[in-house]
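Each chain carries a letter (A, B, C and D) given by its place in the written order, and its residues are counted from 1.
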């Protein structure tokens, strides 16, 4: 459980520093079980900051989304630091970006939050579909506690916990400047049970499953935009010449896009689950990310987003990498 | 039942003229219609056409020839993106699709008897060339004509040979400029807005028409106001990324107007009222 | 025939009759969410939804549409495609989505007529289904509509438990009721009362309001207000709001071809992408997310009313509900209303 | 599917596999004509999207040929290609697309005979798999 006061004080203190431009954190959303990203420019703004199991969003996208607009005459670039409130997975995404030199560590201040898992907002919305008021959810002894129309609800954690959090190995930030509260104990060793079960199916069963999902893809690219690791200046999908993927929305192009997205995250995905949360067509994108994560771990003993100094998976090799399939 | 606005008519390239070579190459294509559009295609200077090269895509271009020239239309194309690069590979005899004409036009009727100042930069001269040629063909209806035109280098100037012809005439004044000094260049060196101040046209009974890169238009308008031009005396023609050309696809809006349908010609007082990103 | 009722047992028979002569589009539940699909059997239809994920505009204004065929290359040629003339029935469309068609009509059938949209629109019958359980962010009442408005549909169904109350609106709707009248019973005054009660209850469930008085004029003076930076900071630029919006109509046109045949297609596009307005020269009139979010709000609440005298929003709440950064259009508009000039 | 002749795209590295193919030709070794060769500078240049794109546009199988481990003209391009193609195959398998449609081989400039054998084997394997269905572009507008 994160102490709200401690968080706010830390943010206040950090944002008051001269070398800090702003801090991204969470605030109460506008309705129901939503939380929203919050930007603190002054210590006054920090009062809005919260952290609870509804704070799902990976805020690491914000520093990479920052647009570098042409400066006006005599205008100086603001190179002060950006602060981010990070959970375990968010911090790993950042490590991965640092590894790829997408951002510089010295331009960031990290307020780490030991996470105990976040809620799957879709599930909670389905359970209480008519909740218009913002509802604060608290975690108490393996239960989520919140009140709906003055009656207190107590729901077992495992019913509402987001799927990606169930097998989370790194709930504690791997890099941070300030840590709020006690580190969470890690109990789980990932089993990849869901992926393994799916792998048992026959090829045609698998394709039937994905076909159904890919047909629903509307190619809004929300998965890409929400992902903190999709930060290419121009995405391959947006190239016109050569056009890797046609713009028409059909099974072939949708599949190509989804292969491309998953592949470009191989060895980079940190399992924050943001793509799946953002997908309006509810494609189980994490399944694709997870299978690659599992294979990479088994074949190359590699885990993404742990050490900023490490080389990227595809940027390095081992002469003894498995090659049974090569003729 | 109206005609399908997305269907292009076929046109044959009758000639290709290389205006500028190099990285920012510019070519002028002369197009003649193949079907019944041959007879019923008419336009007023300032209007645009959608040119498609089948398989590459479609782009909006200002017609750069005058409507007094009935047999063909001309468009000048700078090589920049996917479609324009493909267009630049075409030769005489190849087929293109043409839709249009689209958009509004310069008020050539309303400008009769007035002095006209044209201020163009780079490829921005293309739509101006249409009006200029129209007006030269109806020379007696109009007052003094000044043409201020500039480009980055002398090699980047479009319609060079036409300017040679213009300079020979005594009823038109052409003021050419280049941005950076070169050997053998005896005319003005400097940006187009500065050349405008140099030429110093009188605002009385005058209309100023400008087209060029956004930043040039910005400073030209400022300088015109400095010279005493009123907002309604200044006209510009804009460009935007366009797809449908008929005000549906949404991308070319400035405020509630679409450049493809309600533009591309705007007077400055109109433009000032519009809330939108240009 | 004007007002009638149909018992739920007879409903499959009605669908069978419709399917025999028309293409029937109705909501189905797939992979855990609802969407409009062409249905072949009455049993596929699932009306237990608030609103479908992708709006039914996708039936009339398809996400991917072939405009015409061509022969690619230097010696190209154009080949028209035959006009679609199939009769379309859209069942269980919500009033907010039906209103969207009323908003899109002047766009697609204005100075120029979009033949693909207009052909389908002409051939379609909209059967509305009153929304008895509006979602938590719904706000159609802010536009003086109700979850059971009849103006925008040809026929309106209202669920009264074991039967549906049916009202015909347009000529097409009345004729449609006449054609299938063997399945209907006359509606009594009692039915009328329970229908009104259902509507009142549904309106009561809508808790959120967008304050729209004077917003068009207010926006006129707010183009450079800092509120746009504040609202757009959260935006991740994903475009979900526009793809799921029933009134967004932007599209991209592209050529697709093999060596010897090709087609010009159009696909939905979104003003939330930087590429959308990016000129080939490199200039971008809307380079920042601030410009793009501002454009979206202005388009719905300033440009649309200026051009067609109605707001370009129907209150379906999709853009609020599926935004992953909780950008709330109600909040933005209400904030604008509160700004002191 | 007796008459099915698979189309296979071969991305061959210019230094080894392409030279191997050349040798097979000049040595007049017979091999199936199902392969269409695209020469690339290094197997490491093969972007996995090349593979997907080939399958979309009409290929029934894709073969990537590189130098033997340790022999890469650019030191380690083939090692990096190996990791990528391994992951690509795993991903395709998970999606229900036959991973055997994507093959990889090490052929040196001296192995004309091996090249012919590889092509024969790949052609037969892909013939058994039948035409690519899942991601093929329909091109029916």
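Methods note: a residue touches a chain if its C-beta (ideal position, glycine included) is under 8 Å from a C-beta of that chain, and two chains touch if they have at least 3 such contacts.
As the structure is a prediction and not an experimental result, all values here were calculated from the model.
Common neighbours of chain A and chain B, listed by label, are C. For chain pairs A-C and C-D, the one joined by more C-beta pairs in contact is A-C. Centroid to centroid, with C-alpha atoms defining each point, chain A and chain C lie 31 Å apart.
One inter-chain figure worth recording: chain C and chain D are separated by 47 Å, centre to centre, where each centre is the mean of the chain's CA atoms. Centres computed as Cα averages put chain B at a distance of 51 Å from chain D.
If you average the Cα atoms of chain B and of chain C, the two centres end up 39 Å apart.
Touching two or more other chains at once are residues 252, 254, 256, 262, 265 of chain C. For chain A, residues touching at least two other chains, in rising order: 246, 250. Touching of two or more other chains is recorded for residues 81 of chain B. You'll find the chains touch as A-B, A-C, A-D, B-C, C-D. The touching residues of chain B, when paired with chain A in their complex, are 81-82, 85. Interface of chain D with chain C (complex): residues 139, 141. Residue ranges of chain A in contact with chain D, taken from their complex: 195, 198-199, 203-211, 236, 244, 246, 250-253, 255-256, 259-260, 262-263, 266-267, 287-288, 291-292, 295-296, 299-300, 313-315, 317-319, 321-323, 325-327. If you check the complex, the residues on chain A that touch chain C are 29-32, 34-37, 39, 57, 61-62, 65, 67, 69, 129-132, 212-213, 216, 218, 220-222, 224-226, 238, 246-250, 274, 277-278, 280-282. If you check the complex, the residues on chain B that touch chain C are 1-2, 4-8, 10, 52-58, 80-81, 84, 90-91, 94-97, 213-214, 239-241, 243-244, 246-256, 261, 275-278.
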